[in-house]
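The chains carry the letters A, B, C, D and E, assigned in the order they are written, with residues numbered from 1 in each.
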Amino acid sequence: MRSSNIKETIALQLENGAAYLLALIWMLPLIYAFWSAFHPSEYATRFDLFAPLTLDNFREAWSRAPFARYFLNTFILVSIILCAQFILCTLAAYAFARFEFPGKSLAFGLVLLQLMIMPEVLIVENYVTMSQIGLVDSIVGIGLPYMASAFGIFLLRQTFKTIPKELEEAAKVEGCGPFQILWKVYVPLARPTYVAFGLVSVSYHWNNFLWPLVITNSVTTRPLTVGLAIFGAPESGVDWSIITAGTLLAVAPLLVAFLLFQRQFVQSFMHAGIK
Amino acid sequence: VDLTMYYPVAVGGPLTKVVDGMVEDFEKANPDINVNAIYAGNYNDARIKALAALQSGEPAQTSVMFSIDIYELIEQGAIVPYDDVVETEEEKAWLNSFYPALMENGKTQGKTWGIPFQRSTIVMYYNKDAFREAGLDPENPPATWDELVEAGKKLTKKNGDTVEQWGAMIPSTGYPYWMFGALAMQNGQTLMNSEGNETYFNAPATIEALQYWQDLGNKHGIMPSGTIEWATLRQNFLEGKTAMMWHSTGNLTAVKNDASFDFGVAMLPAQKRRGTPTGGGNFYIFEKSSPEERKAAIKLIRFLTEPERTAEWSIGTGYLGTGPDAYATPELTQYVKDFPPAAVARDQLEFATAELSTFQNGRVRKLLDDAIQSVLIGDKTPAEALDSAQKQADRLLKNYR
Amino acid sequence: MSAIELCNISKRWGDSFAVTDVSFKVEQGTFAVLLGPSGCGKSTTLRMISGLEDVSEGKLLIGDTDMTTARPAQRNLSMVFQSYALFPHLNVKENILFGLKVRKIPIAEQEQRLARVAELVGLAELLLRKPAQLSGGQRQRVALARAFIAENPICLMDEPLSNLDAKLRHDMRIEIRALQQRLKMTVVYVTHDQAEAMSMADKVILIKKGQIEQEGTPDELYNKPATTFAAAFIGTPPMNLLDITKMGTLPPLLAEPTSSAILGIRPENIRIVDAGGIPARLISADYLGADTVITARIGTQELQVRTPGRVSVPEPYNARLQWQKEDVHLFDPSSGKRNDTIKATDF
Amino acid sequence: MIRRPSQSHIHGWLLLMPAAVFLIAFTYYPTIATLAKSFFSQGNAIKPSRFVGLENYEYLLTDEVFWKVVGNNIIYAATTIPISIGLAMVMALWVNGKLPFKSLARMSYFTPTILPMIAVANIWLFFYTPDIGLIDQVAGVFGISGHNWLGDPDTVLGCIIIITIWKEAGFFMIFYLAALQTLSPELEEAAKLEGAGRWYYFRRVIFPLLMPTTLFVLINAIINSFKLVDQLFILTKGGPDNSSSLLLYYIYEVAFSFLDQAYASTLTVVLLIALAVIAISQFVFLDKKVHYQ
Amino acid sequence: MSAIELCNISKRWGDSFAVTDVSFKVEQGTFAVLLGPSGCGKSTTLRMISGLEDVSEGKLLIGDTDMTTARPAQRNLSMVFQSYALFPHLNVKENILFGLKVRKIPIAEQEQRLARVAELVGLAELLLRKPAQLSGGQRQRVALARAFIAENPICLMDEPLSNLDAKLRHDMRIEIRALQQRLKMTVVYVTHDQAEAMSMADKVILIKKGQIEQEGTPDELYNKPATTFAAAFIGTPPMNLLDITKMGTLPPLLAEPTSSAILGIRPENIRIVDAGGIPARLISADYLGADTVITARIGTQELQVRTPGRVSVPEPYNARLQWQKEDVHLFDPSSGKRNDTIKATDF
């Protein structure tokens, strides 16, 4: 340490302090969720170091809805959406990144337009479509409207564009056709982007609520959030202990996965950088 | 026959389990009818779901929905009156077996469109310990507006500028029009006619009622000014931040479970009279259904509203028993005996009236909600706010006269 | 039969021609170098041969078959790219085997060929590394191995050494050349580095602005440059080109006086002498270890003299320069073309 | 050569086809249907829907709630966008720098992104609740009396804004982090040698170099400032007296509470046009400034 | 007064030393080059001088002031980075003026200095371009201009030419050297390219594994390499190092027979002769335009011979090699150190 720069050091410490403070604030809702989920409900709004710990809230939450089934549904839903998004977005992004065809920029503009359209607004129309193709109350039906993700197309296109053309040419000279090139060159090289986009997509669909509620009718298709909403309905007042316990149950897989793989996730984001 | 039924859950608790259990019993009793009972979120979600299903031509045959959606559902041509479906005398008698106050929201144009199911009224919960501390008689809660103010002043505890305990709280988010319906009724004024095409928002008694509400906070200082959050009010009460609260009977079970103090439940106080609107969900039968389906639906609804099940439902949820014979069942009789507050809502039904419900209900209700809130936050005087709300409501409703 | 033959090939981008009417042949088993300054169309030409770029006009024969419009994979050739184009997600082995996998060659044969090629380029130890874990020279070898394993008779290389540092470049040059000879491959090699071209090529095709300037062995290009462009492009330092009309009064440098000519003389052919020769002023010296490059001035024209050992020029001073008439090249000033009708003379 | 281009055309369209089918079926078709509805009156059993031309749009001009909501949304956008972007940038700088335990900080900044809004809103409800809420409890320790955060029209929108910032900043941070990683450390060293302080370096070098990322984030932020309304459903329902209502929430209310699809469509069209105009002008005006490479 | 003096400086990363106990002085106005193979600690040393890296042990004087712990900006020096570190969003002018703006130099003076520097490096025309619109050489010049405009007496350069192609590198070398002399700056220059070091330096500091191997003028390093490492590192091709014990029966090469020694002889000092000398087998030839490098073998040891003009070796054949005793360097085989007590002899 340079002795002459005490002032700078202090400034740096202050800044680090601010960074941790902000981190604490950002964590606060989660911290509170843990607090109130693990304590009896009379401590939900009172903080007492010696409050007794309990798992009752989890037991209660778990018993109020068939969470196990909902977990399975959500898991299937998220997997289907993710697979479909990967395939559809990959193909479209590849077209936008490396092919010339008439109407390309118009098509791309239209894709970007989708970013701006709120799916909530289209619920009624989409419900009609689903019922026409007989997919009301099916997990596929929940996923369909989200399968062509403009965000995914956009992100992958950017990534594909940064992949050196030489790699594609090398593969061409070795005898690869367009699909082989996509599969053997572009997809593996864009893996970080896939991980990044996957994270965003999974957390969105894991937590999506209104459309799944409207389009599903039975326990065998409903995702977790619908179960969660039973506690979330504040018509008769909020019971935070149960809500937070339910919330923790619902997001636990996500949280755990994120904790375990956070290094990989974050690194993927880094590589997927939007420039 | 396959039946699809949507039902919303508007109160906490393992309601879906109760409904599923009752439906199972029904299927056992009627092996030829297969019921698919679908939990549909809260009242709002349920409405969206029904509407989406309706437009897709794939609706349910019956559904529990907000009792006040009646006019909109009629306007959409979505529902059929029960009068067209019931056939036997027995069934017609069944239509008349409910508390009249609960039927008010289900009847219009001389026909019955909705059968009460998960219904509630507003009651006043009060903290007996706080009453004792303030030197008030815990068995004698305020019965008039003036008494409410008086008691409230005694109950309001201050520590410097900070209020540690408020006298009373009336929630003004979520369903302000509902609370206000009670105040107006107590002042002798209903908010609309039974055809649902006229409102009385700027009647002098209505304006007075709103003035009183505003005064509770601004003039008498027994209630916080600004709006009071519906969803967290119970917690406030349980935490002792308010000595009295007006809230749905649907909270009874939760308050009973969580209160760490001695609490009481009372009817709402009176000005010119006692009064409260009813609230909650009715059974409707959808228009897009075959005659067999309708008959099956009637069977289901009758089954679910039988006294024994109504009693079970009421005990499990805190909702009202919908007819006198429910309270005559041994279970409910016993329950009321063990837990007298459970009877308050029933007793209050005598003074109850319909919840605000008109054509263009969403808009009209919002007009009133906004007017109430704008007064409570001090933006407008009651007369201004209600005049303007009435004017706009007239414009919306004149097409229906 | 030539391995590759270009007949009047042109390449147009929109309105402008990157390559104009180029024709040349590359014989079986030879090492041909496309040489020229940046942007002259070398890569474009090579890419047309590979099929990565469409030919706008003309005909392309590979092994006597018309391949003008064939797909790259049909042409049976390999290519080594400037930055190697190694697949970063595959390890060395997978990179080398990439093409064989695409072509579904049986595993046993893949392994066999791999072993041979890896041995050849000295990568046997590194097969499981990812490209990022290799040094520049090793990456280069992977790229070569990938090109060789296909056992295509033709290999195209686009400035494959330009990313390496000087020392490594020198080693790799020798290595590539040795491999080409061992495998008897036909190689077309693109570079803008004349030293590279000189040391590797059997045949150099010198390109300028999309057209062939001179074609021949390195010797021919060095000793008989066809134009001033060729003369100035080849050799380090390059040939000095002096305008005879601006030399001032001097002993006669040409056999018969001519109104105008460009006199070319390579720096290593000029000697600093005590007497005789022509007067010049030495300006500065650049010591390169084995020899020194001296910048000198005759009249207003600068020229460079390369002389063995260390010579220092702390201050400019006058000296005398001399060369032999055999070392003089003469060019026509207007066209820049070599003119062997004029003769130089000793002085 | 005619061969390649035409082949490329076909390939291009073929690749696009699957995504296009989905987009058309579930985005463009319903959007256009929505647009069409805005020119019709809301039909019902008594009065069938009929063509009314621009009547819905005329009504919109006189709709006080609409204008209030637009005003709110402008405030909402004008605060959430710069603050969350600014915070995201600061977070990214911290997490990218020499902060000890930075993976912990990174984790907490990112947490909001993976928590479901429906649950989170309820937790925030607790924070904001007067007297018993966390904020008032903490304030109480310092002797500050409670405030009715969500019940006061002056503070309610601010409360909503804070939640949005909380939800968004960490998400945007990731994009900045990615961009920062691509900056060569030599740039910082060069600046250091010249005597540039951290602030100067940020202002003159990092900030301009992050512009492309900022553009990307900005577009997302603008879109989100119209899209993120989930918290309203649980927290305020737009109240009191519409002082926290936002455009999309209002659309939702009109469509599903007022059951007026026609007017909801009209509002949707206006929202879409506004967004498209913003996005296009951004691309046109900013894109030029931003791309220096 | 030395411009820069390092006294027993070391740099530790964790447990390992990147630089160990390095001491040297750079005099005012001289051009010092830190030379050494990759990873030897050149950059680390330079960065300690600049203050971008903390010194672990030792003392650093700049102009006789102890600057061991001073902040980079306090040291009054400029630095040119390997990849130039130009700010991509600023145009040439803004890049050059960056430091003056930070230091809040008056605008008038900024403009004045800018004009002078831009003129000096030949950028006057390009002031409004962005770095992306410049060629490699031009970017290099911007980096130089940014370093020069501060008018700091000291300029540090870390492999500033390594990103350029060979030709441009050659031009830039001359340019940098000329500028340094014109501005009488003290330059510390890092490179791993010995040719660069030889042609530019007043003083070369040769580093090996974090320690100084030899320090001296290019001449000294070339003509009196202190170790086999120095001998092999300098010169292209580098000095041949032959183990005297493995040469087989030959005429005596040393004045008195010694049990063991390493004999060093530079390729350009070996001649191919018809008679006399020692027998060798010529293996291959590498034609470089002005001269040819021939690979030869004596016994089992390979060596390289550089000879002017074109020589071809289509097939290996036997020949005789000769050199003069003055050109022989002798080293101790165990320590690798130069040993001038043994003498070579003509043969």
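One rule holds for everything that comes next: a contact is a pair of C-beta atoms (placed from the backbone, for glycine too) under 8 Å apart; a residue touches a chain by one contact, two chains touch by 3 or more.
Heads up on the chains, UniProt names are A = Carbohydrate ABC transporter permease; C, E = ABC transporter ATP-binding protein; D = Sugar ABC transporter permease.
In this text, all values refer to a predicted model and were calculated from it rather than measured experimentally.
Participant: For chain A and chain D, what is the smallest step count along a path of chains that touch one another?
Facilitator: The fewest touching-chain steps linking chain A to chain D number 1.
Participant: Just list the two chains that share the greatest number of C-beta contact pairs.
Facilitator: The largest set of C-beta contacts joins the chains A-D.
Participant: Rounded to a whole Å, what is the gap between the Cα centroids of chain B and chain E?
Facilitator: Roughly 90 Å, centre to centre.
Participant: Counting only Cα atoms for the centres, state how far chain C is from chain D in Å.
Facilitator: Using C-alpha averages as centres, the distance is 57 Å.
Participant: Report the inter-centroid distance (CA atoms only) between chain C and chain E in whole Å.
Facilitator: Spacing between the chain centres: roughly 27 Å.
Participant: Quick check: what residues of chain A touch more than one other chain, meaning two or more?
Facilitator: 44-45, 124, 229, 234, 238, 240
Participant: Touching at least two other chains at once: which residues of chain E meet that condition?
Facilitator: In chain E, no residue touches at least two other chains, as defined above.
Participant: What are the residues of chain D that contact at least two other chains?
Facilitator: 125-126, 129, 132-133, 234
Participant: Inside the complex, what are the residues of chain D that reach chain E?
Facilitator: The touching residues are 184, 186-187, 189-196, 200, 204-205, 208-209, 211, 292-293.
Participant: For the complex, which residues does chain B have touching chain A?
Facilitator: 4, 9-12, 14-17, 36, 38-43, 45, 48-49, 51-53, 55-58, 174, 230-235, 238-239, 247-248, 250-251, 254, 258, 260
Participant: Residue numbers of chain D touching chain A in their complex, please.
Facilitator: Answer in residue numbers: 5, 8-13, 15-16, 18-23, 25-31, 33-34, 87, 91, 94-95, 99-100, 103-120, 122-127, 129, 132-134, 137, 166, 169-171, 174-175, 177-179, 181-182, 212-213, 216, 219-220, 223, 226-227, 230, 234, 248, 251-252, 255, 261, 264, 268, 272, 275-276, 279.
Participant: Quick one: in the complex, what on chain C touches chain E?
Facilitator: 162, 165-167, 170, 174, 192-195, 198-199, 218-219, 222, 234-236, 266, 268, 286-291, 306, 308, 310
Participant: Which chain D residues qualify as touching chain B in the complex?
Facilitator: 44-46, 65, 125-126, 129-133, 140, 145-146, 148, 150-153, 234, 236-237, 239-243, 253, 256-260
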